[in-house]
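In what comes next, subunit A is part of two complexes: it sits with subunit B in the first one and with subunit C in the second one.
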Partner chain A sequence: MTASLERGLNAFREQIDAPVASFFSSCVHCGMCAEACLFYTETGDPSYTPIHKLEPLRRVWQQEYTFWGRLAKAVGLSKPVTDEELAQWETLVYDSCTLCGRCSMVCPVGNDIAYMLRRMREGMAASGHAPEGLVGATRRAVTIGSPMGVKLPALQAQIGHTEKDIGMTIPVDVVGADYMLLLSSMEIMNFPEFIGAIARIFSKAGVSWTISSEAFEATNSGIQIGVSEIAAELVQRVVDAAEKLKVKNVISPECGHAYMAIRWEGPNLIGKPYNFKVVHILELLDDLRKQGRLKISGKETQRLTYHDPCQIARRGGVVDQPRHLLNMVAENFVEMPETGTMNWCCGAGGGVSSNERADGLRLSAFKRKKKQLDVVRPDALVSACSNCRIQLEDGLEENNMDMPVLSLTETIAEHLADD
Partner chain B sequence: MTTISNEREFRAALDKLDATQQRLLAARFVTSVLPLCTDERISHAVAVAADSEASAATLAEALRTAKAATIDCHARCGAEGDWEAQAGYFVARAAIAALTPLGQLPGGSAWQAAMSCRMAQTSKSIVSGEETAGLESEQQYRMLSTYMNS
Partner chain C sequence: MTGTELLIWIRGPALQIATVIFLLGVVVRIFEILVLGRKPDLAEPRGSAAAGGLRTIVTRMFADRGTLQRSTFTVVAGYIFHIGIFITLFFFAPHILLFHETLGVNWPSLPTQVIDATAVVTIIALLAVLVYRLANRVIRYLSRFQDYLVWLVTFLPILTGYLAFHRIGLAPQHLIATHIASVELLMVVFPFTKLMHAFTLFIARYYNGAIAGYKGVNS
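Showing the complex of A and B:
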């Protein structure tokens, strides 16, 4: 057995906790998870059945933690997991799974299959079977602080440009601010107007906020690749910055997995509760709306629909807030079929977008979103995740669908009432 | 003689322009940063936007081309960022803004094109370390003043 395989199998053993063991022993092999997975429904390939993606982990559980499995292994009826099998499973675990969690929603016995896939990635990464793109992103996140290599001077340049455009100062390293805003590298690189939108909204609503120059990155590649030590280190950087600036709240921006990482996994990763609250930007905007601090002027007349980012809606619970906000700024907001907690993923989350090898599959998976859009035929598509936005633009272009993709936060900012 | 000297005047003046005027001016904005983009499709799209006689069908086709080019050059999530390439991405976005019919973009075509051109210069400044974004906005004020006085 190679050292890397041993590391991987040890990681599998460590990941088989009580939930994973009970999920495997509860599985009734019904296959319902297949019909919930867009990689299966859009390709028809049975190997994309979510529970099948877990087969090496299931074998380790069975062979080492069940009586009959141990016996079968001892008499040679059940073969040990090999390096070749893990290499074969790499594409199933990383290319054809966005950790969207839709499979977990339909499991009749309540198995959280996405949770298990997240656990399985720990073993895959430990055994050296993680995609090159995610490995590079994770390395940059650790060494530079951003999976895309965005350094502080680049953020400062974007802030400087934004300040000139909007005629406002963007607060950086303000001690005692109520809110510390995190940004994804995708926002800094592809959608810097998000920073201006936030500044304008917060100025009008009277929100005390800041950006930290020491920890501005929201994303967490450690979660996506499956290395909890790295994930914890990235969370700790945010915690340290928030404590240093003595903020009361940390805002997760328009990035799906960043919210799941900092809001839901973060305290468990670092092993202690935060002394600040984490809110998603849409939660905060909706709170401002409820408090009457978000004054809007005019409405979008075009037909708008909303794509729920999986980690924000299904895994994060932020479902009603975007709808309240959209109804504030849209005259003609229409829902796609199967939205909210049962929305279909865009096809690019969970690290799939950083994995070039998965490009073809990612665009095949988008056909599910196309089917949803074809039902309501909107003029524009609104979302709240930069990665979703890029995938949606990519998929729309691939399918000759002419439809702008808008940020919900930026759309709100465009409708702020004058004083 | 009109002179635009700040952002408020700039935006107010742009708001008064009709669809064709916005497109032609946006094309001028994009042309000034066109060297930051190496994609020939964008050069072609901007040339169409700058043609006052361009038909609706030609403009629509150029818009489709610009959108396809933009999709090809955005930074992908998790990939190592290349600010030089990113400058090209913002030029491509500016070209899309120039060709998008009025009313479909918040703030108008010319305003959106101007913003994307500034972002292109900011991306370039991140590579070079030289401050160029402020210079671009001043250049845009001059271009608008010249346009309004012509």
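Showing the complex of A and C:
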């Protein structure tokens, strides 16, 4: 056995807990998870059946954590997991799964398949079977501080442009602010309007906030690739910055996996609770709305629909807030079929968009979103994740659909009352 | 061992052996799961894990509308054979008598005509499920030897029970012995296969619901 395989199998062992064992014990091979997975429904390839993507992890569980399996292993009746097998599974684990967790909502015995797949990636990465694109993104996140290689000067330049555009100062490194805003590299590079939108909303609503020059990156490639040590290091940078600036809250921006990373996985990765709160920008905006601090003038008249980013809604619990906000700014907000916690993924989350090898598959998976959009035929599509946004724009273009994709935060900023 | 001795063995010691393997096996399997434990979640909760877990144990009995449309056969046939097995196992008068004799508990039975019809429907549903497993490309792709073995040991008690009730094929005492033997086979296979889902799905659903409930999501 090679050292890397040994590392991978050890990582599998570390990841097998009571939930994983109960899930594998309960699977009856009914195949219903396939029908919940856009990679299966849009390709018809049975190897994309979610539970099948876990087969090597299941075998390690079965051979080492069940009486019958241990007995079979002892007398040489079981087939050990090999390096070749893990290599073969790499595309199933990384290219054809966005960790969207829709399968986990559908499984009749209650298996949280996405929970297991997230864990399986730890063993895949440890054994050297992670995609090149994600390895590169993770390396950049560690060495440069951003998976896309965005450095502080790039952020400073965008802040400079934004300040000129909106005629306001963007607070940086303000000690004692109530909120510290994180950004995704995608927002900094592709959607810098987000920073201006936040500044204008917060200025009107009287929110004390800042950006840290030391930790502004919200995304966490360590989680997507499945290396907890790296994921923990990236979380720790945010924790250190938040503590240094003595902020009470950290804001997770319009990015799904960033929210999962900083809100739900973060404290578990670093092994202790935070001494600040983490809120998603939509949670904060909805709180401001409830407090009457978000004043709107003139509603959006186009027919709008909302795409729930998986990690924000289904895996994150922010489901009602965007709907309250949209109903505040839009006259004609319509829901797609199967929305909220049952929404279909855009097809690019969980590291799939960093993995160039998966580009073709990612665009095939978008067809599921197209089917949803074809039912409601909106004028514009609103979402709250810049990674979803890029994928939605890619997919719409690929399918010759002329439909703008809007950020919910930016849409609200456009309708702020002048008072 | 003569034929008579075999009959006596099936109705006596074999049933005891099968019961012990079944009970011990199930307990060991559940212990093997729970002993692995779970790390405490250090993120600040938004909702209750326990409430979410208990909720999902119940709600996961029902498929969402989209799943019902996409997996109609699996859901409908699944309901039919599970409910059918439940009714024939627990509401057939001779079965209740056996439970009464061994466990001391008693409850009303359903008329034999109802049991008979239920058995026929269950047999048809199980045959349909097997055909579907072979015909559906996802399920066929997922299926291993164990899936067919489990199907067989589930099917045999219903079939032999039906034959015994209608006295088809063999002498009545042989039919009953065959029926009991098929149940013993089911009990022995149970703890080592996916039949365990009958118990572990409560644990799985609980964890699924608890993981989601902690984050304020109803799963």
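Keep this in mind: the second predicted complex is superposed on the first by the 416 of 419 C-alpha atoms of A that agree within 3 Å, B and C clash if a C-alpha of one lies under 4 Å from a C-alpha of the other, contacts with A are read in each partner's own complex, and residues count from 1 in each chain.
What we mean here is this: a residue touches a chain if its C-beta (ideal position, glycine included) is under 8 Å from a C-beta of that chain, and two chains touch if they have at least 3 such contacts.
Everything quoted here is computed from the prediction, not taken from an experiment.
*Asks:* Contacts for A:Met189 in the overlay, against subunit B (first) and subunit C (second): which applies, first, second, both or neither?
*Replies:* first
*Asks:* Given the touch rule stated above, what does A:Thr2 touch, subunit B (first), subunit C (second), both, or neither?
*Replies:* After superposing on A, A:Thr2 lies clear of both subunit B and subunit C.
*Asks:* What's your read, subunit B or subunit C touching more residues of subunit A?
*Replies:* The larger set of subunit A residues in touch belongs to C.
*Asks:* Does subunit B (first) or subunit C (second) touch A:Ala34, or do both, or does neither?
*Replies:* Touch partner of A:Ala34: subunit C, not subunit B.
*Asks:* After superposition on the shared chain, which partner residues are touched by A:Gly110: those of subunit B (first), subunit C (second), both, or neither?
*Replies:* A:Gly110 contacts subunit C only, not subunit B.
*Asks:* Quick one: is A:Ser25 in contact with subunit B, with subunit C, with both, or with neither? Answer first, second, both or neither.
*Replies:* In the superposed model, A:Ser25 contacts subunit C only, not subunit B.
*Asks:* After the superposition on A, what does A:Gly271 contact: first (subunit B), second (subunit C), both or neither?
*Replies:* second
*Asks:* Using the superposition on chain A described above, determine whether A:Ala154 touches subunit B (first), subunit C (second), both, or neither.
*Replies:* first
*Asks:* Can you give me the overlap between the subunit B contact set and the subunit C contact set on subunit A?
*Replies:* Residues common to the subunit A contacts of subunit C and of subunit B do not exist here, since the sets are disjoint.
*Asks:* Please give the residue numbers of subunit B that touch subunit A in the complex, ascending.
*Replies:* 7-8, 64, 67-68, 70-71, 74-81, 83, 86, 89, 104-107, 115, 118-119, 122, 125-126, 129, 131, 133-134, 137
*Asks:* Show me the residue ranges of subunit A that touch subunit C in the complex, using the header's touch definition.
*Replies:* Listed in rising order, the residues are 16-23, 25-32, 34-36, 40-41, 46-47, 49, 51-52, 65-68, 104-112, 115, 263-268, 271-274, 277-278, 314-317, 319, 337-338, 341-342.
*Asks:* Could you please specify the touching residues of subunit A with respect to subunit B in the complex?
*Replies:* My answer: residues 133-134, 136-137, 140, 146-150, 153-154, 157-158, 160-161, 164-165, 167, 185-186, 189-190, 192-193, 221, 224, 348, 351, 353-356, 386-387, 390, 393-394, 397, 402, 404, 411, 414.
*Asks:* Provide the residue numbers of subunit C that touch subunit A in the complex, in ascending order.
*Replies:* Per the touch definition, subunit C meets subunit A at residues 28-29, 32-39, 41-44, 46-47, 56-57, 60, 63-64, 66-67, 70-71, 74-75, 78, 136-144, 147, 192, 194, 196-197, 200-201, 203-209, 211-212, 215-219.
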